[in-house]
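Scrolling down, you'll hit the structures one after another.
Same chain, two partners: chain A is paired with chain B first, then with chain C.
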Partner chain A sequence: MRKRIKAVAVCVGIALTAPASAQEELNFDAYREMLADGNPAELYEMEGEELWRTARGPNNATLEQCDLGLGAGVVAGAAAQLPRYFEDAGRVQDIETRLMYCMETLQGIPSKEIIDGKFLQGERAKLAALVAYVVTHSKGEKIAIDLSHPKVKEMYELGERTFYYRLGVMDFSCASCHSQDGKRIRATQLPNITTREGAAEGWGSWPAYRVSSSQFWTMQHRLWDCFRQQRAAEPIFGSDVIIALSTFMAGKGNGIEAKWPGVKR
Partner chain B sequence: MASPMRIRAAAKDGVTEVRVLMSHVMETGQRKDSAGEVIPAHFITELTAKHNDKLVLSAEFGPSVSTNPYLAFKFKGGEKGDKITVSWVDNKGDSRTDEAQIA
Partner chain C sequence: MKKLFIAVPLALCASVAVADELQAKVEEMMLSSFKANGIASLDRQKQDEIQQACSSPTPPDAATMQRLQAAEMAKIQWPADGNYTGGDWKEGQKIAASGRGLTWTDKTPNNNGGGCYNCHAMDPNEVSEGTIGPSLEGYAKLRGNGEEIVKYTWGKLWNSKAYHACSDMPRNGYGGILTEAQIRHVMAFLFDPASPVNQ
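Entry: the complex of A and B
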């Protein structure tokens, strides 16, 4: 009897240690470092910079007067402080929705076109390039969103609720995959977003270029895909639920350096 | 017209390291679109790099190279301020040439 118990104990021991060693083998940090040297997100950044300065849309205007929160036309450091509450728009906006607002108000490009559009296509693809441009100018900045603002705080709390809210046919929540250390989907390690470091890692590494699909994804795109992967209803582009989750992640990761734009497998 | 390349070159201890990021679809000709039609091949076939007017690298590229290729190489010589010129030609006859100075 005692022998059998011992045998069981040994089995449990193996089962517990196996994932740990597998994870060491699946260390992609070195690979990611190599990729980061020639991150093709730079190509999108160049396109975005061009778009920022080019007069476009029905108003034939540039985005150079766009206020990203630090004053009209100030790009440096702006992304690190988003999402934030904007008086003129009357809502909390992230990078995408703020740029979309500028495109509508300055250039006359209707937001509806982007909201109803598809990822990686048309105006939404152009918006992604602009995001690449804006975040690159906050590279290495510490995440610093203003949680003292009541509207931002409200969004943060809504985001936290959304994070733990189980939904869809598989009864998943964001927390199902992102509330423990050392979890992964296939070879992709998942940050534990309930911790400060994990939240900053998640928030600060998107938008990113995905090498395997040669695509540049913004945070709106990433989060939309999280919902899709959970078999939940797909969120509307720029809707409050995405901004709330973004505010939650950014707020939790406040004070930690962002690594924008990221590069992923 | 093709999009610009991003070229960075740095000289150190008599060796220059050049890093080039190209913007190209690099379509293999093996893929099909959602309608089942073959997407025509479109990839870089030749690439050359010059230090001032001297050829330092000549390469043949093919469909196995990834989208938005990244290339890094080193050559002996090169001084700060020298000109590096990188050119490519693809199978559709498109081409692109960009320049950078050694830092």
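Entry: the complex of A and C
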């Protein structure tokens, strides 16, 4: 498996060093296609599957009774319908906050440990692997979140307001970069999240394996870094602003196929 | 018929009330969902008048835009000695290329880049250039270096919102992103005939 990753990295190196003129559209689709065949996210998916079935935490329990919205233990298709409102938790949850809830209620692993933790480390890293496992079982499914639920609808509306909310020393909002077609920051292409296709592209390609950093990033990780680049204060893991933006993107992209897990530059 | 007359204003009131409630929730969430980290304090989550007015898909009406722009215009600091373009274009080139600064991983609020290439083409030899802003290739070659364009460019760099209240461009001088000396270097990068921008 290690060797396979090395081979992938070599291919990427070749693709990135290919000469490109200023006029040429800087497009990484070709090498993304090459990668899709051996997406290193598979490693995380395997780790996640093992974590799902392994008895862990103070309660020495597995996650096999975790209800991701389609009934206890049902993983197939669950990610495509998240975020959703969960009666037991009393709030709208995305895949990450729902898994965190299951880890606490079933295994006894305190959510605080994850909320106060760091990405790629400790229980938050384990949570990311679980995300990889769960989304893989919604690969190719159409995004289908339930906007008819008043709590979900409210989250969508809060997310839409957040998307346009300018703040900080640089006056940026999400819309500053993500409200026009075919735009780039440097060489990075930006999805237009105000359109159905762009929202689905943004929502449906995370979590993803990031080639540039050799890391697996969840959607919360991605949004956290967006806020960093926006020059905002630091968003709290699993907080409403993350759920709101997620609900907005997923809801806007409803009906379009998700491509989880993605491969990104 | 009478009922309709009563119902319409009531419905209007209701929708306004709902909208205000949503706005209040957003403002509360933009504080409660965040924590301060290093130089990125929670003050960043509170909007000033410009940010508030430009936080919807539709810009404010023309009169409001003009009022906001006039207020921003008054915040521009013009060079006291009249030296607009006497910076070092090579320094300006570095500032334009650097997108660093002012995130919660930056230790100091000083020594920031301008991040110009994030959105603009400048030196035709730089391939990795953003497209959110207009191309600035051949800036002075195309526009000349008359007093009007020089002053406009300084003002735009210092406070872009003076010219378009809802511009996507940061207020570099007013926001303390770049110093006066740095802005002068960027001006040289745009106006110096020897600068690669004008080749």
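Observations, loosely collected:
Just so it is clear, the second predicted complex is superposed on the first by the 240 of 265 C-alpha atoms of A that agree within 3 Å, B and C clash if a C-alpha of one lies under 4 Å from a C-alpha of the other, contacts with A are read in each partner's own complex, and residues count from 1 in each chain.
Following the convention adopted for this analysis, a residue touches a chain if its C-beta (ideal position, glycine included) is under 8 Å from a C-beta of that chain, and two chains touch if they have at least 3 such contacts.
Please read these numbers as outputs of a predicted model, since none were measured by experiment.
After superposition onto chain A, partners chain B and chain C are found to sit side by side with no clash. Applying the stated contact rule after C-alpha superposition, one finds that A:239 touches chain C and leaves chain B untouched.
When the two structures are aligned on the shared chain, A:38 is found in touch with chain B, with no touch to chain C.
A simple residue count on chain A separates chain B from chain C, and the partner touching more is C. Once the two complexes are laid over each other on the shared chain, residue contacts for A:211 go to chain B alone; chain C is not touched.
Contacts of A:169 after superposition on the shared chain: chain C is touched, whereas chain B is not.
By the touch criterion defined above, A:46 lies against chain B but remains apart from chain C after alignment on the C-alpha atoms of chain A.
For the pair chain B and chain C, the least inter-chain C-alpha distance in the overlaid model is 13 Å. Interface of chain A with chain B (complex): residues 37-38, 40, 42-43, 46-47, 211, 214.
Chain B meets chain A in the complex at residues 3-4, 6, 19, 21, 23, 66-68, 70, 72. Those residues of chain C lying in contact with chain A across their complex are 22-23, 25-26, 29-30, 32-37, 40-42, 44-47, 50-52, 54-57, 99, 102-105, 117-119, 121, 124-132, 161, 168, 170-171, 175-177. Residues 20-22, 26, 154, 157-158, 161-162, 164-173, 175-177, 179-180, 182-187, 194, 227-229, 231-236, 239-242, 244 of chain A are the ones touching chain C in the complex.
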